[in-house]
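Beneath this line is the structure, given in structure tokens, with notes to follow.
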Amino acid sequence: MIIVLKPGATKETADELLKRIEDKGLKPLYMPGRERVVLGAIGDERALGTLHLESHPMVESVKPILAPYKLVSREMHPADTVVDLAGVPVGGDNFTVIAGPCAIESRQQLLNTAEAVRKGGAAGLRGGAFKPRTSPYSFQGLGLEGLKILAEVSAQVGLPAITEVVEVGDVDAVAKHAAAFQVGARNMQNFRLLEALGDQRTPVVLKRGMSAKIEDLLLAAEYILSRGNSNVILCERGIQTFETATRNTLDLNAVPLIKAKSHLPVVVDPSHGTGIRELVGPMAKAAVACGADGLLIEVHENPPDALSDGKQSLYPEQFEQLMQELRPFLDAVGKTLSTPAA
Amino acid sequence: MIIVLKPGATKETADELLKRIEDKGLKPLYMPGRERVVLGAIGDERALGTLHLESHPMVESVKPILAPYKLVSREMHPADTVVDLAGVPVGGDNFTVIAGPCAIESRQQLLNTAEAVRKGGAAGLRGGAFKPRTSPYSFQGLGLEGLKILAEVSAQVGLPAITEVVEVGDVDAVAKHAAAFQVGARNMQNFRLLEALGDQRTPVVLKRGMSAKIEDLLLAAEYILSRGNSNVILCERGIQTFETATRNTLDLNAVPLIKAKSHLPVVVDPSHGTGIRELVGPMAKAAVACGADGLLIEVHENPPDALSDGKQSLYPEQFEQLMQELRPFLDAVGKTLSTPAA
Amino acid sequence: MIIVLKPGATKETADELLKRIEDKGLKPLYMPGRERVVLGAIGDERALGTLHLESHPMVESVKPILAPYKLVSREMHPADTVVDLAGVPVGGDNFTVIAGPCAIESRQQLLNTAEAVRKGGAAGLRGGAFKPRTSPYSFQGLGLEGLKILAEVSAQVGLPAITEVVEVGDVDAVAKHAAAFQVGARNMQNFRLLEALGDQRTPVVLKRGMSAKIEDLLLAAEYILSRGNSNVILCERGIQTFETATRNTLDLNAVPLIKAKSHLPVVVDPSHGTGIRELVGPMAKAAVACGADGLLIEVHENPPDALSDGKQSLYPEQFEQLMQELRPFLDAVGKTLSTPAA
Amino acid sequence: MIIVLKPGATKETADELLKRIEDKGLKPLYMPGRERVVLGAIGDERALGTLHLESHPMVESVKPILAPYKLVSREMHPADTVVDLAGVPVGGDNFTVIAGPCAIESRQQLLNTAEAVRKGGAAGLRGGAFKPRTSPYSFQGLGLEGLKILAEVSAQVGLPAITEVVEVGDVDAVAKHAAAFQVGARNMQNFRLLEALGDQRTPVVLKRGMSAKIEDLLLAAEYILSRGNSNVILCERGIQTFETATRNTLDLNAVPLIKAKSHLPVVVDPSHGTGIRELVGPMAKAAVACGADGLLIEVHENPPDALSDGKQSLYPEQFEQLMQELRPFLDAVGKTLSTPAA
């Protein structure tokens, strides 16, 4: 850690700070320059977190050297993590497509869509029972009833199900009915929820928040891993920018960047990431090309009737065609399409 | 609501959509142009929310005419709402300063700080027991123990307390120990939490999310009001932008804009909004000048020892001086500084 | 065009505005709703640009129906434009890679790099003589001397050259020495420069500005086309967002979106778009996958010695390898790699 | 400067880099840690700019200690700069209001508006002759004819005039007709224009670019000062963010931040910064409160007839009232309203 003092900082201030560094068991370093005094702390600088050196009135800035996360980092764990999604591998040389409607609307709607995506080649089923909606007047999901439908359809069609959990009190119910938790963008920094999921062993698909830097996403994952659940799949789903032509700005740069920094699998959600049906295909292909480990894709048996996000949902035949079109891209990156467990 | 069809949309498509509009009890309108066909729906367009017209493959865009919120809007409720914070008025011609440490660290720390801010002229005490922190390795707050300290110090010093609630399961405990809930930026769209707070009657300070448009903030407040709790205070605390010189970009434009659109009081948090101690004073004055109804300010008895956010915390004497300096600005806008109830 | 009046607008105001619409030769439409009066104007709404209806104190908002650009739109010109870059086609079924150093540093440096990129399979040579740099103390390019070097090396190696023009006064000199102009992100809205380039017939590579919406980019291109130069190639090169892990956020969503809205070719610059050498390859592949018509890639004979942007420059052998790796992706999208004219 | 090496960097790499640092006359520092090797360079690190250490394949990151600008910094020049705008002081304890229409539309329109703003208490007149417009189909200004009108009206009314310059070729004409140049947000990084203005001695109002960090703005000013023109006034006018309720996000945080880092005066443009007439007043007051040295305000004799930006232009009587309302805020900050030279 590098500590830059303000102009005019005295030797006494420097000595006081150096002593605090030394007291934490780190090697202190004094680097007086012509315009600024710079201090260094060599060792595991995370030990300095409790010193809050940046709060000192004579400290101009603190520049960490090491990343603030550990368990999620590739340095700690060089090999790719492959998460087991009820028999379907996610990560490594596998490419896993999870598809389904935004929201579970009825048993028939989910079943029809699930059969269509299974036919198209998906290895997992998505569908929301608890829907976080910007407006209180929008459809909020079927709740527990939706979870039950999901579990039934999942079993019937033979696709492991993932579904969003929005509240600590629902963790057990979701764990009982689904093969994986999804944490939505709005809850990426709902730390109590992350902690509760860290105490589970069921896989977690953690979506990047709309204003989350990649480092924030990795720290959110660290919350889960640090409680003992290492079955975490990260998901890029678009960030909030000034561009209004797309619903969000799908940030594919995050894919190779996260893969370099972390061993966790990274999937991409081009449906939420763009909000536009016509862009889902091109961006899905781009996701494969830049190294993603899978896709979350919204498919609805009849998008104009969808109760939420119909504008970004594929028709079943569009999904089937996209899956065909992905194949040469998968070959080019050397990945194998995951298939349902049996 | 205005519905723009894609080029090439047929009359049949238009008729189908017009019929759906009419079936919802709205007056349909057909406006064929040279390059686009445009449809209109006259009436309470919120009824169309369930039609999801934007999902139709021949619909290019949907442009709402009315704001999607109702209860929070000034059109519905022209007079300023004045929230009663345990005897302290917030809103209207009042200006309410709530100050205290970022986190409750010990009884003595909170007491010393509370006495200092009371002496300086604050009308409320802030202090976090449950701290959402980006890293799992940072200080997470004292939890329930912190709540108890807060309640004791609040009573002893005679300042109503506000504190953050991060989880539905904690709502009762927080309601028992504090005069108001604070919903942090990261939880602004934790809708289950908003619903739970909507079922309470204790006031809620709702902070704007880092990627939340003003409309998103008003819709989040609508969640609370629509459950029956109209004691909502909105808080501008900075948004996520590309600028890195400040921790966030405090968006004071939001203050007059929200005041025009909504009857709810708006307070400003220049501490989180800037993240820099030296900017708290100037931006606090600017907040008064542009019409804010109050301030949330972080003060710590000794910022360099603070366990969180020390860099943005004022020293007690800085707070006292700022309160003096605010007076001519309050006079200029014609507001009266709220004082504690007794 | 849809004009929403403020609450309380009188019938007289509506009539006044409707008359102004009619006077412009458009069909006026009066749509009184319960909460708002809405006016419509049917016809080529661009005629209303001079009315500035949004300035009227009783107008709440104006919602255009048609895109503000014309000549660049695919509606006006459904077929893909193929720009002739001194014999090298850009657009349509072609995929064109233009590579070279950020800045021309010397004849030998440019020649070595040009030979390397030609060997690797590039069809064009890039290299800056006029370098816009954030700091006045950074290397500013060789200027006219650099242009001469570029022309010589371009001829010797047999690759058409593109280079940035930053000032109206340099347009002729650049036209004389290069096969195409590049307009940098910082000059995307330097409208006088755009007009000057519109008066030329030499192709223009127009880079998206760091805070430019896609619509802004298309309007900037419209400046050039409206003066008669339709040889415009658009370039996505990253936008300014809150993410600091990459230099910019390369917004690949723009590629399929622009291709849907415009007939102009779109190339991608993953070097500036990410600022990180290791991300250039993955994002180049993603650009192919989502439909780009080509790439601008920075290559330097020895990046650690580069006078600018070395951090994002590929080594020659990395470029050669990337070109090999792109082939299956090009096959998958059905595009043919452009080759130099001979 | 601090240089962090990648994991696995050898002692040879470190030695090579340390030698390059030493060769530049700086004191090299070797700090091997457990997880990373860190190098330091003590002295005027700007000398290292030519080494491009960040381009080295084994360098993870480079962290500068000193700001990259010099002449604009308050460290170099602790006292406030007061710019002389044809007899009107800008900076220090003065507060200078410059008002007028967005665009010069006719002699009569400018004269009427100029007389109104002079009556209201403005000390300078603004008005654009060269208008950068997003669309080529919008009104582009009267050009040279507009400059002549500006000079005449300025002399007649007795207010020094500022007007935008968009192109190096126009610098002399603008210098002849106006008391100060304005550089618009879109040209903040038009470095050739900045250099040309650096060779003048006429004051320059430099507006912050829509995607410019504060550091970028200060470096743009450094371009002008480094050529010898120190008469630079900085202008905050809003940045590009995700918020769409305002045209831009006026970033008032920039005011106290720039004042801390630089000796140059800072004015605020609430008209462009918000794009909404009703917000101009509140944000103008907030600008005074947080320490701005002046305002640029758009006033039009009849905003609904304005050829550009009418939506954000004040009516003359609104301007007059605002000027009255600003007085107690000016008293509170201890600033004196500048008056025209006489």
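Think of it as A, B, C and D in the order they're written, each chain with its own count starting at 1.
What we mean here is this: a residue touches a chain if its C-beta (ideal position, glycine included) is under 8 Å from a C-beta of that chain, and two chains touch if they have at least 3 such contacts.
What you are looking at is a predicted structure, and each value in this text was computed from that prediction instead of being measured.
In terms of the distance between Cα centroids, chain C is separated most widely from B. Because chain A and chain B share one sequence, their contact can be compared position by position; here over half of the interface residue numbers appear on both sides. Averaged Cα coordinates give chain A a centre that lies 31 Å from the centre of chain C. Rounded to a whole number, the gap between the C-alpha centres of chain C and chain D is 26 angstrom. Among the residues of chain B, those in touch with two or more other chains are 211, 239-242, 244.
Residue ranges on chain B touching chain D, taken from their complex, read 211, 213-215, 239, 241-246, 249-257, 260, 273-274, 276, 278-279, 282-283, 285-291, 325, 328-329, 331-333. Chain contact summary for the complex, chain B toward chain A: residues 46, 49-50, 52, 54-57, 68-69, 130, 132-140, 166-169, 186-187, 189-193, 209-211, 216, 219, 222-223, 226, 239-240, 277, 303-311, 313. Contacts from chain C toward chain B in the complex involve residues 2, 4, 7, 29, 31-36, 38, 40, 42-44, 63, 65-66, 75, 240-242, 244.
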